[in-house]
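Following this line, the structures themselves.
Each of the next two complexes has subunit A plus one more chain, namely subunit B in the first and subunit C in the second.
Let's turn to the complex of A and B:
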C-alpha cells in the first residue's frame, strides 16, 4: 500500500518557505498485510474501555494535522481506549507493546481521566525485523478537573520504518497531562503534540528524547495552548544527531486572551556529532494576553569542550564521555518511564546504537 | 624516593599568548608541594597543562610522569596513569548522577568494573568523612551544587579515585571555615608515602594541617622562588611584594633541594 500524507506538523504561524519549517510530507509504502503482535496489560477494575462516542463534545486540536489524524482514525486497526473512574488513582500503568512484522499499524487511542483520577498509559512500538513498516498513531486525552494523565510513548522501530504520532490533550481545571516521547528508531518519525490547557491552573509537560543517525528524518511539532488562568506548560526536547540526520523541531507557546498569570517554557538541547547533520528549530511564542511569561532556551551544537575535558580528566575517553553525555539525556526522560526492565531495554538499545565510530 | 612528575623547560600558551615560559618542577612520591602566586600569574594554566587541557598549547619543553613523556597525551590517558586535578570551577553535567559518574570514572582509571555494593559502601564512607549527605550520590553531577558542595564533590572524587598525584586548584576558594577544615581533613586522609600533592592556594588554612615539603611562587611566567613551609607564613604576612629580590634568585626543582 502507498501512503502519502501532506501538511504534517504545520507551524501554527507560517514563515518563509525557504526556512523549511512550515510543514512536512510523508510518502512511504508498506505491505498490504499487517502482521504484528501486541502485549497488553490487564485493565484494573477501576479502568473501563471507552470509545470515540464519549469524546463527541470535546474539541480536540491536532498538531500533526487533520489529514493524517483523520486517516489514522478512519483506517484504525488497533488502539488503547481507557477511562479511569472519578476520584481513583490507578497505580499500575496500562501498557500496550506492539511489535511489527509488516504492514501498517494504525492505532487510535483514547485516554479519559474522570475528575480527580490519575492514570498512566505506556505505548511501545517496536519491530521484529528489518522490513519496512508504517505506524500511525492518534492519541486523544481528556483530563477532567484535577485529574492526572501520564502518557509515555516509546518508538524503537527498525531503520526502514515510518512513524507518525499525534497526541492531543484537553486539560481541565487543576488537571495535568505529562507526555514523554522517546524516539529512537525509524527511517522517519513525525511527532506532534497539542496540549490544550483549558481549565484554570491546568498544567502540561512534554518531555522528548530523540536519537538520529544515518539518514533518519525527525520532525517534531509541540504546541501548548494556554486558555485558562494560571496555567503552566513545559516543553523540553533533548537528543543527539549523527551522520546525515535531518531534524526539525517546532515548539509553540500560545497564550490566548484571558490566560492571565500563565507560564510556559520551552527548552531544546541538541548535541551535534556530525557536520552533515541538519538541525532546524522554530520556537514560537504567541501572546494575546499581557499577563503571561513565556520563555525559550536552546543549546544546539557540539558537546561543550570544557565538559568533555572535565570528564576526560576523570579517565573517560572521548568516546566514553560522549556516550555518557548522550545517555544522560536519555536518563532525564527515563525517570518518567515505569518499570526497570523497560528502562534497561532502552539503555541497552541506545548503547547498541551509539557505535564508537559514530562518536568520533 | 621515586619521581612522579618532572616538568622540563615548559612553555605554555593560549592562542598567541605565552603564559608560562621555561618552567621546571619536580615532584616525588611522598611529597606535598604548594604553589602560590598573584592572580593571573598562570597557576591554573600550569595545572591545566599538567592535566592535558586541550585549550592550552605546550609550545616547548616536556612533562614526564613516572619517567614517561606525557606531553602529548590526552587528559584521559593521564588520568589513567594516576594524575588527578581538582577543578577550581567544576563543570555541571545534567543527567549523570554523581554516583554513576564516579563508578564510570573508577572503572576507567582502574580498568575494572567496581562491584556495585562495595562501591556504594566506599562512596558512602567517603561522603560521611566529608560531611556530605548521602542523597548527593543520586544528584546530577554538580548541577545546582553550591560552590562549597562542588569543592567537596571534587575531594570525594579524589578519595575514591586515589590517584598517584593530585593537583588541587584552589580547592578552598568559596568555602567557609568549617568546610575548609573538612576539605583539608579529606586531603590529609588521601595523602600517604606513595602519592603526592600539588596544592594551588591563596589560603594558609587549607594546608596548615598538612606537612608541606615545598612552597613555590609563580611569577614572571615561571617558578621564581622555592622554599619550605615557612614561605607560606611570609607570604600570608607580607604578601608577595614582601618576598623582595629573593624571587629573582631561585627557581625550579634544583632550588627546592637547596631550600630544604
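Let's turn to the complex of A and C:
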C-alpha cells in the first residue's frame, strides 16, 4: 500500500519556507498484509476498556496534523484504550509491545484518567527484520482533575520503517501528564505532542531522547498550550546525530490570555557527530498573557574536545567515550521507564547501534 | 537631535507635521507598465535600468504575497502612488532647499546633527533626495557619498550596475520585485581601501504624501580595511490611508572592513514597512546592525548578513516596541557560509496597549563552515494583558563543528522592581518607564548619544500612549 500524508508537524506560526521547518510530508509504502505480534499486560481491576465515544465532547488538538490522525483513527487496526477509575492509583503499568514483521500498524490509543487517579502506559514498537513497515499511532489522553498520566513510548523499528506518532492530551485542574518518548529507530520518525493545559495548576512534561544515524530523518513537533491559571510545562529534548541524519525539532510554548502565573521551559541538547548531519531547531514562544514566564535554551554542537581528551586519557577509546556520553543522555529519560529489564534492553540497543555505526 | 526637555506630545507634533506644498509631479496610483515607464522617463534612467524595472514588474505580478507573517490585507497596491517628486532639486546647501521642506528637516534636527557631528547627510523627501552633502575632508579621502540617482548616471555608474540588487534581487520576494520596479532615491556610499570614516554618515527619509509609497535604495560598498558608521533615520506624519515603505539596503563589506549600520525607524502608524536589508561580509570583515523599530502599522524587517569570508562576523542588536494597532515582525538572519565566522543576535521586544510584536530570526550554518560560533538571545517584555509577543527563531546547522547558543525569555516587569522604585518616591508610570529604558539600554548604548536620546524619547512616547 502507498501512504502519503501531508502537512505533518506544522509549525504553529509559519516562518520562511526556505528553512523547511513549516511542515513535513511523509511518502512511503508497506505490504498490504499486516503481520505483527503484540504482548499486552493484563489490565488491573481498576482499569477498564474505554472507547472513542467517551471522548466525543473533548476538544483535542493535534501536533502531527489532522490528515494523519484522521487516517490513523479511520484505518486503525490496534490500540490500547483504558480508563482508570476515579481516585485509584494504578501501580502496575499498562504495557503493549508490538513487534512488526510487515504491513502498516495503525494504533488508536485512548488513555482516560478519571479525577484523582494515576496511570502509566508503556507502548513499545519494534520491527526487527529488514522489511519496511509503517507504524502510525494516535494517542489521546484525558487527565481529569488531579489525575496523573505517564505515557512512555519507545520506538526501535528497523532502518527501513516509517514511524508517525501523535500524542494529544487534555489536562484538568491540578492534573499532570508526563510523556516520555524514546526514538531510536526507523528510516523516518515523525513525532508530535500537543499538551493542552486546560485546568488551573495543570502540569505537563515531555522528555524526549533520539538517536539518529545513517540517512534517518527525525521530525518533532511539541506544543504546550497554557490555558489555565498557574500551569507549568517542561519540554526537554536530547539526542545525538551521526552520519547524514536530518533532524528537525519544533517546540512551542503557547501562553493563552488568562493563563496567569503560568511557566513554561524548554531545553534542547543536541550532540553532533558528523559533518554531514543536519540539525534544525525552531523553539517558539507565543504569548498573549502578561503574567507568565517562558524560557528556551538550546545547546547544539559536537562533544567538547577537552571532555573527550580527558576520557581518552583515562583509557577509553573514542567510540567508547562517545557511547558513554550518548548513553548518559539516554539515562536522563530512562528514569521514567518502568522495569529494569526494558531499561537494560534500551541501553544495550543504543550501545549496539553506536558500536555498529563506528564499525561501518 | 532631540531636546530631552520636550514632552511626549511635543515629539509627536514634530513627527506628525504635514507638509502642505504640492508635489512637482506624481504618478497615478496603482502599478502598470505605463506607470513604470513614466517613472523611468521622469528619472531619466539608463536603458538597462528601464528594462530592469519592467522585468521587476513582471516578477511582482507572479510572486505571491507572503503566507507567513502579519496580515497585509489592508495594503491595496491599486491605491498606492509609487512616485511623488517634491518641488525641489537635489541640493548641496540647506539654503537652496525649499523653505517648507527645510523647516521639516530642521524640526527633525537633521541640519543641527550635521553641524554637530556627521561626516555627511542625505535627506529624502517622498520619492526624491532633496539634499546631499559630505564634508570636504571626507570627500578628499576618496569617500563617495551621494544620492543614488547621481551615482547611477555619474562616474560610479558601472559600480552601481555591478552591485545594484545583486544581494537582494527582485526574485527575493514580492516587495523586492516591487522595489525593483519603482525604486527612487536613496544613497550610494563607497569607502576606499583602508579609509576609516571616523564620524557617521546619515541618510534621513521623510515621507510626506498620503497614500504613497517610498522605495529608496541604499547601496554601501566598503573596500578592504575600510570602516564606516552609517545611520538611517525615517519618519512620517500619520494619515488615515495606508502608506507603504519598501526600501532596499545592500551592504558590501570588503576584507577586513567594518560597517556599523544603525537605524531608528519611526514611521507613522498607517505605514506598511516592508523593508529589506542584506549585507555580504568578506574575510575578517564585520557588519554590525543596531536597530530600533518603533513606528508603522505593520513591519516585516529582518536584516540578513551573509558571512562569506573566513573569520567574518556579524552582530545584531535590535529593539522593537509595538503599541496600539501595531504588528511589528522584526529580527535578523545570518548565513555562515565560511569557516570560523561568528554571529551574535540580541533581540528585545516590548508590547503594549494591544500591540503585537514578533521576534523572528534564522541562523544557518552551511556545510564546510566549520568552527563557527553563534549566539541568539531574545528577551520579550509584556507591558499589559491586551498585547501579544511571539518569538519565532530557527537554527539550521549543517556541520558538527559549531558552537550554538540560544536563549529566549518572556515575561512582564517585576512587581518588586516597581514597588522598590515607588518606595523611593517615583510614580508607577515613571518607574515602568525607567525599567523599560533599562531594558533597552543594550541597544541605546550602541548608538551615538543624540540617537540614544531620541530612542529613549520614542520609548517615553510609546509608554505615554500618545503616538
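Following the convention adopted for this analysis, the second predicted complex is superposed on the first by the 352 of 360 C-alpha atoms of A that agree within 3 Å, B and C clash if a C-alpha of one lies under 4 Å from a C-alpha of the other, contacts with A are read in each partner's own complex, and residues count from 1 in each chain.
The rule we apply is simple: contacts are C-beta pairs under 8 Å (C-beta built on N, C-alpha and C of every residue); 3 or more make two chains touch, one makes a residue touch a chain.
Computed from a predicted model, the values in this text were never measured in an experiment.
Steric overlap between subunit B and subunit C is absent once the structures are superposed on subunit A; the two fit side by side. Of the two partner chains, neither subunit B nor subunit C is touched by A:40.
In the superposed model, A:325 makes contact with subunit B only, not with subunit C.
Across the overlaid complexes, the C-alpha centre of subunit A sees subunit B and subunit C at an angle of 80°, to the nearest 10.
In the superposed model, A:317 makes contact with subunit B only, not with subunit C.
With both structures placed on the common chain, the touch criterion links A:301 to subunit C but leaves subunit B unconnected. Looking at the shared chain after the overlay, A:4 reaches neither subunit B nor subunit C. More residues of subunit A lie in contact with C than with the other chain of the pair subunit B and subunit C. The superposed three-chain arrangement places the nearest Cα atoms of subunit B and subunit C 15 Å from each other.
Contact residues on subunit A toward subunit C in their complex (touch as defined above): 13-17, 19-22, 241, 255, 257, 272-302.
Note for the complex: subunit C touches subunit A at residues 67-69, 358, 360, 362, 364, 367-368, 370, 380, 382-385, 387-412. Against subunit A, the residues of subunit B that register as touching in their complex are 51-55, 74-76, 78-80, 84-85, 87, 90-91, 93-96, 101, 104-105, 108-109, 157, 161. On the side of subunit A, the complex with subunit B involves touching residues 304-307, 309-318, 320-321, 324-325, 327-332.
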